[in-house]
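Please find the structures below.
Shared between the two complexes below is subunit A, which has subunit B as its partner in the first and subunit C in the second.
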Partner chain A sequence: MPSVAPSTFAGTANVIAVIVLLTEFAMLRAPLLRSQVRLYAFQSLVVTALAVFVAATRHIDSLYVLAALSFTLKVIIVPRVVTRLLSRANVSLAGNSSLGVATMTLIAIAISVFGFFSVGALNLRSPVLPEAALAVSVGVILVAFVLIILRSDVVSQAVGFFSLENGVSMASLVVASGLPLIIDVAFLFDLMVAVVVFGVLMRIHHARNRTLSTEPLDQLRG
Partner chain B sequence: MHLLLIALVAVPLVPTVACLVAPRRSSQIITIVAAAVAFGLTVALIPYAASHGALSTSILRADAVSVVFLLPTTFLYLTAAIFSVGYLRATDDPRGRRYVRRFYVGFNVFCWSMVVAPLVNGLALLWVAIEVTTVVSALLVAIDDTDGAAEAAWKYVLLASMGLGVALLGTIVMYYAGTKAFGPSYDLSYGRLLAGAPHFSPDAVRLADVLAVLGFGTKMGLVPVHTWLPDAHSEAPTPISALLSGALLTTSFYAIVRFFQISERALGPTFPRIVLLVFGLASLALAALYVLNQRDLKRLLAYSSVEHMGILAIGMSFAAPLALVGVLLHVIAHGAAKGSAFFGAGSVVRKFATKDLRQIRGGVSILPWSGTMLVLAVLALSGLPPFGIFRSEFLIVAGGLRDPNDAVAAILVVLATVAFFGLSWFTTETMLTPVTGTVPPRGEVSVAIVIAMLVGMVALVVLGVHVPGALNHLLERGARSLEVSR
Partner chain C sequence: MTEVELAPAVIQALQDVTIALGAPLVSGAVATIEARLQGRRGPRVLQPYYDLIKLFQKETVVPEGSSWVFLGAPIVAFASYLIVPLLIPVLTTYGLPLGYMGDILGGGFVLALAGFVVALAATESGAPYAQLGASRAMTFGALIEPTILFVVFAVGIITSTDLPYALAASLRTGSSEIVRPAHVLAAVAFFLVVLADTGRVPVETHSGTLEFGMIDEGRVLEHSGAPFALLKWGSAMKQLILYTILIDVFLAPWGLAASQALGPVLFAIPALLVKAIAVGTIFAFIDNSFSKLRLFKITEFLAAAFALAAMAVLIFYLGGG
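Now for the complex of A and B:
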């Protein structure tokens, strides 16, 4: 296949995807839980922008509805719920992590590069698909995994899961933008339920242990 | 017939709403009645699903495979509802009415989500339903409000959500694979996917299949993504443990089966089989070893679940229709056996006030009914005749021996024997040894527990001795639909 310059669509989608990935890295290293939540809100905003962009260039009107819903839910409601929990928790608001920032970032870089090239190696060619954007979404998902595994406080882990969902939404916008609206809405509704449940469990955890750290969570083994 | 489907989806919602306001006794009765109706409706679906094609509307769809997976769910819905009557009485709960209300509302919503999952039409809605089962069951795992329960619930919701994130990506990639056949916009209903699968883009289907097995495999308890499972099963209230093990794990397996069906049509059988074989062997091997070294009664049963999920995955990977019939029967028989085993464990834990296998002695002489049936249920889980799991494992192994690569069947037999050794060792040691030291008084915890176990054991014997004709047709039809016609 001859190499050609990417179309404006692919170029813009790739740029937005890279911004989302960079935000994910920033979340990974953000020391304060509040700044992590703010970064999540920003990341969701960028994903919403991608939805609007895809809607406009591909003329898929239903994506505007999706963008509006995802803006309300992921940019406003979810960050607010988590921030409220944090202000109630009234404990040290710095997150913990089991490794230093530099090590964590290096691991995340290695893993996202791995994800990027493995998706590239799959050869998912298509005339309309910005392949790089899909590979970057996989990178976002893998870095979210690193975040969940290495950060050891319940808030970071929950926010890590929410940002994983951002990575999946981004993948769905670039490779499955024609997905029926009803299904997109069902996915978002599910995210909302998950947010509520994560909130309840975080509150239970905090009420029992007076901390947001996951250190007390090592009783069950074998 | 379409009304039947709608009724089945609606029935568990009635007790959900009623339990919000009803007092405890009425909640129990309403739940049992609704569960019995749900089970009855599922049984009523069998003859149709066994002899016709899929029964479908735009949202709901039932074919032989989905009815097979509905059977253990609604069966355990009923038996766990009966068991809960005795379980909650024995609690003489200090937490009072609020606990009971939360328990029953959660219990019914959980069962509803597991009834809906095999009945929705399409991969996207299936994912949504399975995500709902996760969040509801995570709250139910946490309901006992102990340190262990809070820890188990957090690990469970986090790991399962991560897994389902991967599964969602798999679903989206499958959608993308289909755009090659259907154009950019279409719906993910099964009929369309199965018909169009041969024209999908094969690389994308491969990626989707692996992501789906890994993602839904997290909830099914496949090694190495099983780590939430023993914690959640041991810390949840016992009726919930039974539902998690007997119904939730197989509901996630159902999602894997659907991806398998599509991948098999798009790629030919080799690739999806190898994926399942790898995960299945890892699960069976690791679980068999963990069973050998357990000190906690409920964790022992949880690892036995991982073992059986491994057997299901391996069974799917055999290139023989016989093995597929075995897999579908195994889904049902495992539900019945694991239900009874957990109910028995619940009775023992109530009586001895411990889950520690070293402190439980003389179970059968202290609990003459539930203790005896626990021993029988564990023997059934180990694959002894005359119980249903004997027949299903026999079919799986017999199918495996016809596979050109029959070494896998031999490995399966060896590992299942190791697990049998571990399970029966601990059970005989705790249940059949003479009573020592200070012991609780002889006698059953509750009649309801005995009834729930008895129902499960009867079902197991029926499945083992003579599978009813309609059910047999259902299993055969289901197995045929899992094979590519060549």
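Now for the complex of A and C:
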């Protein structure tokens, strides 16, 4: 018996969620720091699109505000700030990561499978978005961890952290899109703090070591 | 007035004829469009036909010490490319009598047989570049295989069959089938597979003359005359076959004939060729906008395709269909 397709709404929402996850995979391989930041901007744009899509089809007006906020902050301001920091550091290529890209991709697939099935075991139901989108956003969070752990340059780690927030905000869209706006804004505020902290870290690291790679840190001895 | 109905066998033969005679046209049209994108005038659209005619009239030179395998391979490969169009929806939405003799995997095996005999002939020739091309083609073929398998799994899950006709039929039932993630992901993964299998950037530059960068092209360097014409023709047919699967199974199974009437069947032929040229234009555009990957970076590209295909199957088990 052929399987029944989900509704057009659920299908579209799932596809958008999966695009966010695939952008996370693309970040694993991006060799240029600049393209890493661009990927983050693109991913944020897709999350914003998901918010607009949910707002439009489910008539939740507060989501429009959230979408506008996250667009200005995550698609325009944060990438701009990071790009400016990068242009001062004058480094364009990320250093070698500890593993090859194909290996990283396979690890990330395995880990997101783990995430998928653990969320599946929870048996959550959402009135707004299909639950598959929740599993995918957990996948985004886990792959962001993989990115932070396996890439050995400060920018990838910072971008990994920012995209973690994208995963979280996608999850909050799924489970609780009726969430009071103030909580979503608090998430965004957290992101602002993270950007400032990572900006300072990046600059100090670059000033001390003349590189954005974290390899010099491995040689520290107590 | 009653419409003229065609016998299934005639339609089946028409599928083969369309692929065989249309393939050089599609190659020529895509080459012209590609040249225009690069600001060149490019060859005539019909150039591949003239090339084939010229090659068929030339003498055949065989490397010293090679056996019948070298001469037999182009014929077997060409025959394989004639068999595959019987299995896939080229002109009709319904399965033709011989359409059920193999499923997607069956078609894949026949295509693999063609690749295998060509590689065998390349090894037989003893020429270093041909062998280099053959060994590379086999290596990357093996790496593409998992992606194809997962695409087939995705198709199998969606339709509960492994017939290409069934997926095309379920696609036409409505928009919810088109946007379902399993289908979108499998389609994109297959798109990347076609990109790799037709020897396009980022895997291979198809117009290059440098042997070190060659994969598929390198294998046929030692052939000449009529066998070479068959190989060239075959690779154009392989390209059109892959385009046809991409179009009629995954992307746009519209314009196919739903009945055996003469009109719709005849309409399906130009419809397919136009759609194939449109897809070829997309490929030409990709060709112009990206650079070729280093040989050892091709695994990254294939890993990306595999990630997409694996995700297509996974998302289904998540309940996201």
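Here is the rule we use: the second predicted complex is superposed on the first by the 206 of 222 C-alpha atoms of A that agree within 3 Å, B and C clash if a C-alpha of one lies under 4 Å from a C-alpha of the other, contacts with A are read in each partner's own complex, and residues count from 1 in each chain.
Here is the rule we use: contacts are C-beta pairs under 8 Å (C-beta built on N, C-alpha and C of every residue); 3 or more make two chains touch, one makes a residue touch a chain.
For clarity, every value in this text was computed on a predicted model and none was experimentally measured.
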{"item": "Combined model on subunit A: subunit C and subunit B, fit or clash", "value": "fit"}
{"item": "Contacts of A:131 with subunit B and subunit C, given as first, second, both or neither", "value": "second"}
{"item": "Which of subunit B and subunit C A:29 touches, first, second, both or neither", "value": "second"}
{"item": "Residue contacts on subunit A - larger count, subunit B or subunit C", "value": "B"}
{"item": "Superposed arrangement, angle subtended at the Cα centre of subunit A by subunit B and subunit C, nearest 10 degrees", "value": "150"}
{"item": "Partner chain in contact with A:106 - subunit B first, subunit C second, else both or neither", "value": "second"}
{"item": "Touching partner for A:197 - first (subunit B), second (subunit C), both, neither", "value": "first"}
{"item": "Subunit B and subunit C, minimum CA distance [Å, superposed model]", "value": "16"}
{"item": "Residues of subunit A that lie at the interface with subunit B and also at the interface with subunit C", "value": "119"}
{"item": "Subunit A contact footprint on subunit B (complex, rising order)", "value": "124-125, 127-128, 131-132, 134-135, 138-139, 142, 145, 147-148, 150-155, 157-158, 161-162, 165-166, 168-169, 172-173, 175-176, 179-180, 183-188, 201, 203-204, 206-207, 230-231, 234-235, 290, 293-296, 299"}
{"item": "Residues of subunit A that touch subunit C when the two form their complex", "value": "1-8, 10-12, 14-15, 18, 21-22, 25-26, 29, 100-102, 105-106, 108-109, 112-113, 116, 119-120, 130-133, 135-136"}
{"item": "Subunit C residues touching subunit A - in the complex, by the definition given at the top", "value": "157-161, 166, 170, 174-177, 179-181, 184-185, 299-300, 302-304, 306-308, 310-311, 314-321"}
{"item": "Residue ranges of subunit A in contact with subunit B within the complex", "value": "119, 122-124, 126, 128-129, 138, 141, 145, 148, 154, 157-158, 161, 164-165, 167-168, 171-172, 175-180, 183, 186-187, 189-190, 193-194, 196-198, 200-201, 204-205, 208, 214, 216-217, 219-220, 222"}
